[in-house]
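Here come two complexes built around subunit A, the first alongside subunit B, the second alongside subunit C.
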Partner chain A sequence: MVDFQLAPEQEILRQTLAEFARERVRPAARAADEAGAIDPQLVREGWELGLISAPVAEWMAGETSTRSALTGAIAAEELAWGDLAIALRMLVSSLLTLPLIEMGTDAQRRALLPRFAGQNPALASAAVVEARFDYSPGELQTRARRIDDGFVLDGKKCLVPAVEGAELILVYAASEEDAGRRRHDAFIVPADSAGVARRRERNMGLKALETYELTFDGVRVEASGRLGGERAVNYPRLISQWRAGLAAMAVGVARAAFEYARDYARERKAFGAPIATKQAVAFMLADMAIEVDASRLLAWETAWRLDRGQDAAVESELMRRYVANATLQVTDSAVQVLGGHGYIREHPVELWLRNARGFCAFEGLTMV
Partner chain B sequence: MKILVPIKRVPDPATTIRVLADGSGIATDNVKWVINPFDEIAVEEALRVKEKQPASEVVVVAVGEPAWQEQLRTALAMGADRAVLVRISPPVDTGAVARILARVAADEKPDLIILGKQAIDDDSNQIGQMLAELLGWPQATFASKVELADGRCTVVREVDGGLETLSFPLPGVITTDLRLNEPRYASLPGIMKARKKELKEIPVETLGLNLAPLLKVRRLASPSKRQAGRKVASAAELVSLLHSEAKVL
Partner chain C sequence: MIDFELEPQVVKRAELYHAVALNMMRSIARKYDEEEHTQPWDFFEAMWAASRQEAGAQPDSAERQGARAGGRSVETAVLVEEMCWGDAGLFLTIPGPGLGGAAVRAAGTPAQQERFLARFKGERPVWGAMAITEPGCGSDSAAVTTSAVRQGDYWVLNGTKIFCTAGQLAAEKSDGLVVVWATLDRSLGRAGIRPFVVERGTPGMSVVRVENKLGIRASDTAAIVFEDCRVPLDHLLGDPELKRSAGFKEVMATFDATRPIVAAMAIGVGRAALDFVREFLAAHGAPIRYGLPASRQTALEAEVVEMEVQLKAARLLTWRAAWMFDRGMRNNLEASMAKAKAGRVVTRITQKAVELLGPLGYSRELLVEKWMRDAKINDIFEGTQQINMLIVARRVLGYSSAELS
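Showing the complex of A and B:
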């Protein structure tokens, strides 16, 4: 029933993106972090591989979609192994395109998808997270009020990536319908809509990625702007997909940190022997390896269920809790294995620790 | 224009190689396998010809075990049109590979064969030359620039002390040097399309060739560890050590 053998094309994809991450993404990571900006040429190189356009082009060609959450998880892990900020920047438009392909109405898909089909796709983003201590994607405070010809959005979002230059933002909000019964929806909002205000955030990690706080103050959205139209979306599935993508990226960051610490420990000598031969370090490395694999298994389980059209609400909840903590632990251990070297910016582990810290914040507290 | 590109499966250059204790080969557990980097350059060059002459066909061919399909599929994902795997079990020496490739070339009748100047595992640097000889075709090895026009191929090669330019009428054989090009990454659509492309397997027995090896690998050994350097007090001591210990003077 369970099969961990990747399909040949998944294996080629993994190897190709691993190579791309090793040769192009990783070498650019430190400079991007220091500069607080990512070289647009590098992002275009990622797009030329078809990261955004491939599933869109498939839909336009009327082909059966070969897209799968598992394949997406494999790609996300490899790119994030190179660098989390750059990976997110390359993939950000898919936060709109993938839900659109799967859950949009035909009219929405025909109107919006073509501009994401080329090698220089339009930019889109998604506004999910809210800066509240009791934030949960199942109880959003951003509200969509129905009016005659559409909706009015009010609320505040944070950690919205790459808003600068984005044409469209997929805004997750609670809408009230049917005698006050609450449900959740996603709305396709032009970034330049009246009533949308933005403020760039200054974060502990992900410095290379611009993230924004977005305020929606009476923003009007046409009726056709609700993803999925009257049928709306399968919201739990949408959230599970979002979480699976993030978790796969967290696995990539954790794996990067583990591999770096392992290789360092094999080279670095203390008291005449590589520190990897010392139990205190060896045990730590073993724990890190276990956490990376366990995290990947949880991420793959959620993706596997999604690919079979099964509900993954529980699995994705367990996954995000575990993976966020494990990634933080692994990246922290990597800094520890490197000792004093781990704390200075000449090694990447401090950058990975800062980036990993976010996984506990992207989706509310890991304590709840 | 039909271009045949022979490729070899080799350990990833980033992998640490461990020689088996009995010296019979290398440990293959946990080894990542890739297309020989020089052959990848050959695939890229063939694809660039196809981009200029869209009617061209690029056929990749490998001589090896079923697992070699992976590397053929990767070449298909980069953009090659179809693949041929001649199935054979090791050990296979360079002469046998050249004879098999010559037979495949006789069947496929390509205008041009492009392959790496050597494989990074055994560094033999023989297949291209042997293949040209068996086919009776002209050859240009270590190509750093390739141009095709009017049924002729012009190749620039890096030689000691400068550049040499060769020109020959097609068909012919080219082996690639490192600086010829920078191979592309397979794209996502390319990877998906590769699934539907033809990958033909030919059991080597059906070719009826005499493949008795002329070459036998007797033993593999790891290079000896480099000794740490030593500081000497004076030039006189250095000269004396070079004479008495290193015995180079």
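Showing the complex of A and C:
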């Protein structure tokens, strides 16, 4: 039955994260962007929220998973409202833990998941995106070649977050199967494997989140390193999960920009009255409000499909495109509402515009 | 708990309505577009019989329709989308309480509701209509000049109303009613505006014109003149003693209920165009492919998937607004969001559909050009896109209509 009300536990989570984002994340955002680094203490505080460790603990306790992509989306929106780069950094290990819980073999889960529990967790990341103008997650060019006792990876990835300090990287690659049929696989690769080279990237946004270009040159992975073993992974579903998480974060960024512009327009006076009383500005704000809500509903709908066990491949593709465009439009409008002040780095709207543009390129930067 | 799944019985009804749309509406859509000002009485009779049958099968449906909490706006939105997928003009002619009935439900006392809505349970098709717009005021509905003056046991109405949907069917062609918004005292502004029920055949009410329109030509859009039109005192909807009660709020309450439904109408037309374009392209060797990088997607595919997701966004906003109404939540903001978005999106989708099919889209051989003409009304009636944007802006900024006009 159609319902738009959060479950009580989702509402509690939302409020908790909203407060954390307001009190801890937002105040740190500008300094982190300028410095190109996030305060490790803040990252630890983020870990203590339990967003990554709770599903791990559930698995370790042998409980049925209560993980929900929709709940994850609600959480991701709130964190990203504080700051996108910090939110991504706080959630980065889930790029390994969540696929592992859902699609890993028992041996893989037993070996790796305990490292992501407790007070001194390991750090993991994932390598999905490739630096090509015609990049598509359905056509990866990083290759996995089968050899006797495992696989050999060759290729180049970009936008890999938080590699410094990461022990494990989940690398996505196309592998040749029998009869020349190509499939996409995920490989658990220790970050210090021979043949892995890294270079820190410089991007328009997400400056606080260290992202890397990774080169894989004949990197050998044991047979047991393929996520899911012989069964492998449900790759279309993973793509949809990235998209749901990223879209929820985009909504957080767009909402931040909308709210800031709205409040500014109520304060800022021109020609003797707040600029928000002029239709030219008021209508921009109305449009922004509509697009934020439309984007959220689309993101939720994809997450809801995932929670029902669907892959939502087409839905997530369309949704992703919509939300990326809407978020760009909303953040651009926010800069516009602030006029010249929006262009100055004292206000956060230019940062949100830079971050928002990335949603056309981000894929596999988060998972909910 | 967030859920986007319709109940099985709603899905079943939607399938039924889809069959009606396909078999009974699509088949005559072009005819009543070309033959404006003629009426499909066979269609009316069939729809009337079907609705009576349905009401008989669900004896509580009339009562439930009147109730806000536990209402069925989401279901209505789904069914209206199906029917407007069939034909929006014909949908607007389907006999029933319509906007007039919505006003009676929103503003009338229980006794008035029972009395005025009883006619919609009879043997013959009956229509209800609503008259707000005047030659001198459209969006600024607080500026109505049609007057209501008390004379003894009667209200006397004087003025001219235009753009009254199904006005002729309600006022002349059936035992219907028209809800007329008139001012008791112009100096009171909005507070002076009240709704009056004028029944068919009331002396002094006359349909003076039926408009020639861009689209929805099957539906009659009437100009109605009230000249010393006398109605009994209890035809003023609501409590007659509350002279200063907020009449305008009652108009707005009507809109909070109907705007999501108008949005659903728009979505039905948009889906008709989108479905057609997609099927037509596939049949002619250009199926829409998903999952390709932008560099290999055709411009056509990019347009179609954009149309698809825009339509979906509008539908989700619409369902949310309807759901809030059903739950008794204030949905003024969300209803206007849905209406503004759906009207705009569907206007664009249908215009694009004409473009994507080239000269075929422009031809009256296909229905695509008709859908474009039909769709545009959704950007205008029940509050233009601009009025709805203004409402959204006021709500998100916390401004009154005086602060943001």
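Keep this in mind: the second predicted complex is superposed on the first by the 361 of 368 C-alpha atoms of A that agree within 3 Å, B and C clash if a C-alpha of one lies under 4 Å from a C-alpha of the other, contacts with A are read in each partner's own complex, and residues count from 1 in each chain.
Convention: contacts are C-beta pairs under 8 Å (C-beta built on N, C-alpha and C of every residue); 3 or more make two chains touch, one makes a residue touch a chain.
Only a predicted model underlies this, so the values are computations on that prediction, with no experimental measurement involved.
In the superposed model, A:59 makes contact with neither subunit B nor subunit C.
Of the two partner chains placed by superposition, A:359 touches none, neither subunit B nor subunit C.
Of the two partner chains placed by the overlay, only subunit C lies in contact with A:283; subunit B stays clear of it. When the shared chain is aligned, subunit C comes close enough to touch A:297, but subunit B does not. Contacts of A:317 after superposition on the shared chain: subunit C is touched, whereas subunit B is not.
Between subunit B and subunit C, more residues of subunit A are touched by C.
By the touch criterion stated above, A:50 is placed in contact with subunit B alone, subunit C being left untouched. Interface residues of subunit A, counted against subunit C in their complex, comprise 1-7, 10, 70, 133-136, 138-139, 262, 265-266, 276-277, 279, 282-283, 285-287, 289-290, 293-295, 297-298, 300-301, 304, 313-314, 317-319, 321-322.
Per the touch definition, subunit B reaches subunit A in the complex via residues 14, 32, 34, 69-70, 73-74, 77, 185-192, 194-195.
If you check the complex, the residues on subunit A that touch subunit B are 8-9, 11-13, 15-16, 19-20, 22, 48-51, 53-54, 57-58, 66. For subunit C in complex with subunit A, the touching residues are 1-7, 74, 290-296, 305-306, 308-310, 312-314, 316-317, 319-320, 323-324, 334, 337, 340-341, 386, 389-390, 392-394, 396-397, 399, 403-404.
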